[in-house]
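You will see two complexes here that share chain A, one where it goes with chain B and one where it goes with chain C.
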Partner chain A sequence: MVSIWRRAAEVILFIVAVTMLVDFVVEMDMLQNVATDLNRWATIIAAFALGLGAYSLLTRHIRIISRKSEGWPYSIAMIGTMTVFLLTGFITRSITSDQYNWIYSTIIQPISSTMYGMNAFFIASASYRAFRARNWEAALLLVAAIFIMLKNAPIGGVISPTLPAIGKVFWDLAGATGMRGILIGIGIGTLALSLRIILAQEKTPLGGAEE
Partner chain B sequence: MKLGVTMGIELISGRLSWLAITVVFSSAMLVFLVLAMKRIYDPKIRRHPGIDAIDEAIGRAVEMGQPVCYSPGIAGIYSTKYAADTSAALTILDYVAKKAVEKGAPIIVGVAPPTVLPLAEDIVKTAYITMGRPEEYKSGETVRFLSPHQWGFTSGYIGILHREKPAVNLLLGCHAAEAMIIAETGASVGAVQISGTTNVYQMPFFIAACDYTFLAEDEYAAAAYLSPDPTQRGVIFGQDIAKIICSILVLLGAISATFGIEVFKEILSL
Partner chain C sequence: MRSEQKLSLSKSLGRAYRQIIYLLLFISLSIPLIKPIGLPVPIHETTLGVYNTIEALEPGDVVVMASNIGAAIASEVYPQYIAVLEHVLRKDGVKILLVDHSTEAPIWTEKALEELNAYERKSYGEDFVHIGFIPGGESGIAGICRDIHSLIQVDYHGYSLSELPMMAEIRDATDFTIVIDFSASADTQFWLNQAYAPYGTRVAFGLTAVKVPDAVAYYTAGQIFGIIESLKGAAEYEILIKRPGIAAKGMDAQSIAHLLYIGLIVVGNIIFFVSKTQRKR
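The block that comes next holds the complex of A and B.
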């Protein structure tokens, strides 16, 4: 049985969704104000969710430390980092202060760049698996990939000017048209999913679906 | 274009055609939804191989006694561009969690966006309650908030993959540059990997690294495939009708552009 709270949430979702949709199409001052307020509420609710996330993270890592579970020193590092960031923000009363920026640019940014850089190695290993010509589709993928690589790498043009041209044909015709077809499909799929959510046919965006 | 000026309401220029197309497509979907709801027409939809793969993979996890790992992506539920992906990922999570609990495989959900955390917790907790095993749900352990930061989440998630050695790794929702690192780590620990994305730039990576991939709107439709409710299939059938209409529009547009006829283009830009 659907609870009254869930039904209320479905009704609110329907009203909000229709309001935002109408606001997208028509220009009306009152509607614009309502839509702006709704967006603000969304931001505020998201901020509460961040607090919930921080609480969940803290309790989990405190539990790991108290039980001395595997890798517990990492949890101390996590809580320590979190505390330093929080204190820096509170003491300087800004998230754009020099101290805050220093921590960001000397710790987080290099770590993020390192993680991003690892992609190159993972792409190479995944390509090795994907480009094995096990069937004709994989063989076709392999051939297309070779021509695209020769189009982008300077060596392709050095070997023959025809090679980058063939790569461009793959890119412009097969790649671009395929991508546009997929994008149209995604657009219609998004509309169908939104319709299912608005009409309360899709239950999970409001939490666990009771049977 | 300003069509109506009564009561201070004006139609925003360039959105009339958008409105018309949305109304036509939504009507097609609604018609088949109602027909399916009233049991007048129950469309038959081909079962996606990826869905069968989910069932098989969960069975494998049970046999191996290893967990099922799930990521609903890095986009929040309020994300302008990828909210639909996150929503679809949560619907698939509902199915995966119920199947995993029913068959006795532990599930670990790694969450990045804070807005998704309460939803994912509620979905998984409800799955445990529905299947009569509420005591097996471990708060903070079953659904783990890792980090709202993309690379913080990535390192947290690959850490889970290395430590827990899951039998199955499901990557649904919106994933960006971190997708490759996670998927390759999953492959290195021997997990069966099922992914889904509507991000056209990530599709090749998922296809290369994962065993099964829900491409584009397949991810959205998966929820309807998974539902025993015929009304869901009705919407999917309506969606296919919309695709046929769209294909006709593309064909007409191509022909009119070839012959230099501008009327069609002008109508669509209203």
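The block that comes next holds the complex of A and C.
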């Protein structure tokens, strides 16, 4: 049986969604004010969600440490880092203070950049062992990949101006049109899902999918 | 005995192929960075779209520079941000509104402003304003486009928006001349949804390489006026504004790395076909 609270949530969701939709197409001051307020609430709730996320992360890792679950030392590192950042932020009252910047630019930034930079090495390894022309579709993919690489790197144009031009044909004709098809598909899917949510046919967003 | 030795060497090489590839890549990236070759960097129309639009701005126009830059994507996107910000700062009378979508982005925005001496070159509050981090993803962007004063009361530095002279003339997306979003995530789409679709505000993107295929579809449809494509786009922009920086320096290394990738694909396929033929025999 659907609880009264769930039904109330569905009605609120319907009213809010319809208000925002109508405001998009109808110019009316009162409606616009209501929609602006709703929008502001959404942003405020999102800001609170950040705090909630941090709290949830903290409690989860405290649980891992107290139970000595697998990888618990990493949880200590996580909580330690979080505490240092929080304290630095609170004490200096800024996230661009010298102290905060020092931690960020000497620890976080090099670690993140290194992780991102390691992709180049994985791609190199994958180029050797994964890009195989096992059938004609794979061969076509390989040829397209090579031309697009030569389009994206200045060396392609230095070898021959034709190479980037061929790469551009692959890029514009296959890449852009294929992606447009995917995006239109995503758009239609989003529309259908939104309608289901607005009409309370989709239970997941408000919880209760398990009922 | 000799054949056994040969076999073990080829086996060892086969097992250590990763290490060999990594070493080759390290060398091919290091040499051009230490001693640049100076390969010419062709300018693509997507980058020119952004450059020409900014070049055509008039005094009083408002440029929104939105950012989602964090440490993970900074190596690709931050050089773009610096180059475009420098270009906009050179335009007299053009107002700049800096907006951040991620918790890390304000750090990079302030870093860019300091790197370009923006606080000395321009007057804060009259020529540019840093709004700071706006939570909420698309709803945050919708709020900025709908009524920025209603959404936030103070800027990143804690100044009241109503006290900043520049903000008196800026209320919603109809007051934005252009929006350029620097990102690696879905918020580029958010600006299209919230600024371009309802208000017709022109939008461009500065993106990581993996996000570019999404954006090309919008570019070819004429919905965005330009894309700065990864480090390559940043290098092109640096050349256009005649301020070569880290991106332009990295282009030689990228070219050599791409050649290595192509070489590895070719070698991998030759080995694949040879071993396939041997197996058939």
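By our rule, the second predicted complex is superposed on the first by the 176 of 211 C-alpha atoms of A that agree within 3 Å, B and C clash if a C-alpha of one lies under 4 Å from a C-alpha of the other, contacts with A are read in each partner's own complex, and residues count from 1 in each chain.
Keep in mind that, in the parts below, a contact is a pair of C-beta atoms (placed from the backbone, for glycine too) under 8 Å apart; a residue touches a chain by one contact, two chains touch by 3 or more.
Worth saying up front: this structure is predicted, and the values here are computed from it rather than measured.
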Touching partner for A:142 - first (chain B), second (chain C), both, neither: second
Contacts of A:196 with chain B and chain C, given as first, second, both or neither: first
Partner chain(s) touched by A:155 [first = chain B, second = chain C, both, neither]: second
Touching partner for A:4 - first (chain B), second (chain C), both, neither: neither
Chain B versus chain C as contact partner of A:57, first or second or both or neither: first
Partner chain in contact with A:133 - chain B first, chain C second, else both or neither: second
First (chain B), second (chain C), both or neither touched by A:27: first
Partner chain in contact with A:40 - chain B first, chain C second, else both or neither: second
Chain B versus chain C as contact partner of A:164, first or second or both or neither: second
Chain A residues contacted in one complex by chain B, in the other by chain C: 24, 42-43, 45-46, 49-50, 108, 111-112, 115-116, 123, 125, 127, 129, 179, 183
Contacting residues of chain C [partner chain A, same complex]: 17-18, 21-22, 24-25, 29, 39-42, 70-75, 103, 106-107, 110-111, 134-137, 139-140, 142-143, 146-147, 150-151, 198, 209, 213-214, 216-217, 219-221, 229-230, 232, 251-252, 254-262, 264-265, 267-269, 272
For the chain A and chain B complex, residues of the former touching the latter: 24-29, 42-43, 45-46, 49-53, 56-57, 59-60, 63, 70-71, 108, 111-112, 115-116, 118-119, 122-123, 125-127, 129-130, 179, 182-186, 188-197, 199, 201-211
Touching residues (chain side chain A, partner chain C) in the complex: 24, 35-36, 39-40, 42-43, 45-47, 49-50, 95-96, 100-101, 104, 108-109, 111-113, 115-117, 120-121, 123-125, 127-129, 131-133, 142, 145-146, 149-150, 152-158, 164, 171-172, 175-177, 179-180, 183
Interfacial residue positions of chain B with respect to chain A in the complex: 7-12, 15, 18-19, 22, 25-26, 29-30, 33, 76-78, 84, 87-88, 90-91, 93-94, 111, 113-115, 117-119, 122-127, 129-130, 140-141, 144-151, 154-155, 163, 177-178, 180-181, 183-184, 187, 198, 200, 203, 205, 207-209, 215-217, 219-221, 223-224, 229, 231-232, 235-236, 238-239, 242-243, 246, 250
